[in-house]
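Here it is, the structure in full.
Order as written gives the chain letters A, B, C and D; numbering starts at 1 within each chain.
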Amino acid sequence: MNKIKFETDYQEGASPEVLRLLTVTNLEQTSGYGDDVHCQRAKSLIRKEADKPDSAVYFMAGGTQTNTTVIKHLLTPCEGVISVSTGHINVHESGAIESTGHKVITLEGVDGLMTAESIREYMTAFNADPTNEHMVQPGMVYVSYSSELGTLYTKKGLAEIKSVCEDFGLKLFVDGARLGAAVTAEGSDIDIKTLAELCDVFYIGGTKNGALFGEAVVFPKPETVNLRQFTTIIKQQGGLLAKGRLLGLQFEALFEDGLYYRNAKHANTQAMKIKQAFNEKGIPFLIDSPTNQQFPILTSEQNDELSKNFSYESWQPLEDGRVAVRFCTSWATADESVDKLVQSIKQL
Amino acid sequence: MNKIKFETDYQEGASPEVLRLLTVTNLEQTSGYGDDVHCQRAKSLIRKEADKPDSAVYFMAGGTQTNTTVIKHLLTPCEGVISVSTGHINVHESGAIESTGHKVITLEGVDGLMTAESIREYMTAFNADPTNEHMVQPGMVYVSYSSELGTLYTKKGLAEIKSVCEDFGLKLFVDGARLGAAVTAEGSDIDIKTLAELCDVFYIGGTKNGALFGEAVVFPKPETVNLRQFTTIIKQQGGLLAKGRLLGLQFEALFEDGLYYRNAKHANTQAMKIKQAFNEKGIPFLIDSPTNQQFPILTSEQNDELSKNFSYESWQPLEDGRVAVRFCTSWATADESVDKLVQSIKQL
Amino acid sequence: MNKIKFETDYQEGASPEVLRLLTVTNLEQTSGYGDDVHCQRAKSLIRKEADKPDSAVYFMAGGTQTNTTVIKHLLTPCEGVISVSTGHINVHESGAIESTGHKVITLEGVDGLMTAESIREYMTAFNADPTNEHMVQPGMVYVSYSSELGTLYTKKGLAEIKSVCEDFGLKLFVDGARLGAAVTAEGSDIDIKTLAELCDVFYIGGTKNGALFGEAVVFPKPETVNLRQFTTIIKQQGGLLAKGRLLGLQFEALFEDGLYYRNAKHANTQAMKIKQAFNEKGIPFLIDSPTNQQFPILTSEQNDELSKNFSYESWQPLEDGRVAVRFCTSWATADESVDKLVQSIKQL
Amino acid sequence: MNKIKFETDYQEGASPEVLRLLTVTNLEQTSGYGDDVHCQRAKSLIRKEADKPDSAVYFMAGGTQTNTTVIKHLLTPCEGVISVSTGHINVHESGAIESTGHKVITLEGVDGLMTAESIREYMTAFNADPTNEHMVQPGMVYVSYSSELGTLYTKKGLAEIKSVCEDFGLKLFVDGARLGAAVTAEGSDIDIKTLAELCDVFYIGGTKNGALFGEAVVFPKPETVNLRQFTTIIKQQGGLLAKGRLLGLQFEALFEDGLYYRNAKHANTQAMKIKQAFNEKGIPFLIDSPTNQQFPILTSEQNDELSKNFSYESWQPLEDGRVAVRFCTSWATADESVDKLVQSIKQL
């Protein structure tokens, strides 16, 4: 029997609505590289979602591509990007940022989140350092929303980060690979409009929220950045899809009547059931996450038992022999799968 | 009324068989990044097609990604790649190769094709040059099959190129973005097995032959190249699709019962009808192409007339006021569209 | 017996005045990296020479460093630099420009010189090309003065290049590795002031004109370029000398009373004697150079004969069996050496 | 009155012996780029010092160049270099390593020194991580001897590092910018022969020990690394000096009769007098350094007082208001300067 998988949020295909739209439009003829009506309509929907009619929107196929292309585009050759040490660009992108010549400058986060205070401390010390001409110039702050640990910025926290960025001339870039889970989480006070107010650039992740693949990059204030050459840089980085309409179509499906939010809400709801089950069992968590990634800490007996019927990611071994693991839900996580998992947790 | 488009071979979606397989497998749960049964099966089919059971097969989403990743992986930092000046990597990839630090060394081709003789001349002069320690070291030869002008290497011609590569220690890389059109063309004597014999690495283009997107890279003799780190470099270049199975599924559909060849054959057949119509009208061609790209030379009156109902690419203005244009067919080009075009050509 | 060397203009040490200044200041204590009184004084002398009191001046140790750093600094990631195909950055810098991610876009020169017309043609075609978003964006024109073939731009020719650069938004960069030989050549109508008027950036080569090493980069209109980060990029490229004063001291010696010009004039004078000797003998030249590089075309008998007592560079084999060679003079070329060479030429 | 400078070990010119050799050989004619008798002789002296007759020796002008070129040459595109977080390549080279595409992976050091144990822990965790295909592959360990904090590896400690490198397939690179101070320090048990036994590559710093500039890179076992292309990569990185003999001449002077060691010994002796003076005054140190860098912790009153007549580097502010500063001595530090400093310390 196959195990039920809670490994990631990209282990199924796409929302049926997405597949349906791909299918019914399949024989339409369109120009390549995103110059088509579906991309135009998707951009229009996203601009509306951001409440920024003039924002510039671009589509790319994946997160690494997106992070690399945006950072490469916005930094000068001697600038680096500030990230928490657990940031995706620092850990799990095979050095993609460095491969374009830029250092990832790491600060310690709190529960996977950057703090305005840590940026201010770093920049104050940097500016006071007489040898800083020999150092990588900080040019940008990168944060993930939701974070790699499933946690969320508050509107107040992100506004403080924005403020410190302005004080020190840093651009602010929000990685939204898991944006859906963030904006629909219980208690979240940041939506896409908020991001469009606070960031220089952010992206709306499709891959982990119902698309086959695809991320939508938004520059809310295009007049403040040089976008003339961005398409060429996307192409140079291998991120310009020949059949660009595939990206437009998917975001059209996701945003024309709220599918993006329904998908994410579903993932969060399923995660909360799992969270509750562990909580009721008295099993602790590595971190308190309100989104679709949950990190319970299991004894090896509990781990062995749950592993029989479920697969999930081993996240971090603890010194006492226990292990923090990750259960991940998605738009596709079935009620039946969650029920079985909850039952198994109860029986631990 | 919309014009009928002959602009490119990537203006529709995917072969129905491909879409169908994506749809029926949509809710299967698989691990990410290509570690799934569909990728395994697709690799197995491709290894069989190449008659190389030990070959290493990787999937990537697009051609620029593939070219960049393969070249970056196989060259040392001071090496460059030899290409004809019309080669895709030299013209239309926004400097992607150079962005990874490598020079594209250009030789003049004949009808878009590299000649063994030109490589031999270049390398002989290079080796005789006492200052060549200050020059980019040639490390690889890149050729496209079919070429950017729709033309084809003969088996003899490609074997000569292979031979000169061996003489000078150069790797041979075949860009197969339009491999289908090449291997199914009338008179072609190179198939995938031949490429697997002659190349160090080549790829089988899906994007232009019935897939939504996707290219399959084949290293026929994996023991001769360091592949241990190739996946990491794919990830670094942003080419590792999260839902990697999407690539596997598509190549499964394309190769399980010959769809790849049927698609390409169809494109070529449609192109030959168009070619014949221009020929019968006495309209000359920029080049004699046996594949799905045709380059007739139109007077401005002819161009104006055809432009009314058809769109196609303006390729190259000629000094006498005429213009070479490109008509491109694909797996999706309908008989009805070709018939209308042929009628319009007859009435010029 | 050692042969007399006419191979290059960097085969001796430095002008005695330079060595003397290095020696008498040897135990002065100064801060590192160019933050010292000698660099300040040298910059001041150069600003005066350029008649641009506000120009920004930087020192680097060698030409490849300088070309790479300037180009990397001024181009965006998707831009390339236009050069004649014989340009040093295209041929003899081991792909240094490409190693920073930028393509060298080559145009055919005339006698080693770029023409305004060829730039205009390229840019006009580029702007008319509907696919140019997929191409490297031209961002800069690079020319060498004197050229790699010893030839010179006229003021009119360079002004035309400047004009076409302005028309198309291209920066103009003049490689002055052999600037001394150029500005002091018979008939030259471009001096450092002219360059400061016409270029966005140029450099004054010291290595080939009496310094141990060193190039002085001049940005005549610093307000038009972002210089805030240039020192950091120099450091990043490995071009920031710890004992930066060594560069300042050398340019101080070269410019405080015209040594730079005397050195170059001497080299040119010696070259003209050699040129005259070949001319009188009826030996033709590959090119008519008014500067310190001379390219006579020798039969193999003549080559064998001259090779007995002199060493020089084999430049280019000709199809008829003759060979173009290069004789190079410098500030250090002794009258006695030239006399011996002239005698030998006469006896051919 | 000028302050006496203890800021760095590169604030004067060169040892008189070095200047003398440059002067007496000034008009010798040699080929460029290191192909000359002086470079040959210097290489021979260094091979003898290393007791490795087959070792490959190269000269470069500065430390950043050297670090960048060696690391770029030895790593594949997806590999990174492990360094302590205080390592020069991580802090003070403006992102030079990252500019060539490679991540600096940082571990916490002990007193500025890497420990074998920390490498083993990192590599063990890395190898156990199922997601490590998405991470930068560690390819090399970088250590500085003496370290950026003036501290020294023991032979035992370095051998342990070597051993762990072998266990995990990592190359070992020793940055010897301050190698002289290290090998001549009281209690040091590592000499150049030891390094040649233990490292894959190291360099002997000239800039900070009596040369105008220059570092000598040594590959003790050239058969174990691909050196065929190293000169081309040096050129590509802008590190190939036109008048390469200048580097050879300086290392000839430094190694023909032990000047290198006398210079370094002198610097250490002067530093020990200063150390003793602070010790006698009861002023604590940030770190216990046996070499030419000393890091006393001063109250602001002490700092104000010493600043009147001496300049030195402010290293690190402490939370209690005191500041750790750096006094640096060199081959050129005069007895008189040290005596004045010692007097001033006594009077604090």
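Here is the rule we use: contacts are C-beta pairs under 8 Å (C-beta built on N, C-alpha and C of every residue); 3 or more make two chains touch, one makes a residue touch a chain.
Values in this document were obtained by computation on a predicted structure and should not be read as measured data.
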Where chain A and chain D overlap in contact partners, by chain label: B, C
Maximum centroid distance from chain B, chain identifier (CA atoms): D
Intercentroid distance (Cα basis), chain B paired with chain A, Å: 33
Chain B and chain D: spacing of chain centres that average the CA atoms, whole Å: 50
Where chain B touches two or more other chains, by residue: 77-78, 93-95, 99-101, 133-136, 232-233, 235-236, 240
Partner chain B, residues of chain A touching it in the complex: 2, 4-5, 7-8, 10-14, 16, 19, 22-23, 25-32, 61-65, 68-69, 93-96, 99-100, 207-208, 212-213, 232-233, 235-243, 246, 332
Chain B-touching residues of chain D, taken from the complex the two chains share: 33, 72-73, 76-79, 100-101, 133-137, 226, 229, 231-233, 235-236, 240
Chain C residues within the chain B interface of the complex: 77-78, 80, 91-95, 98-104, 130-131, 133-136, 313-314
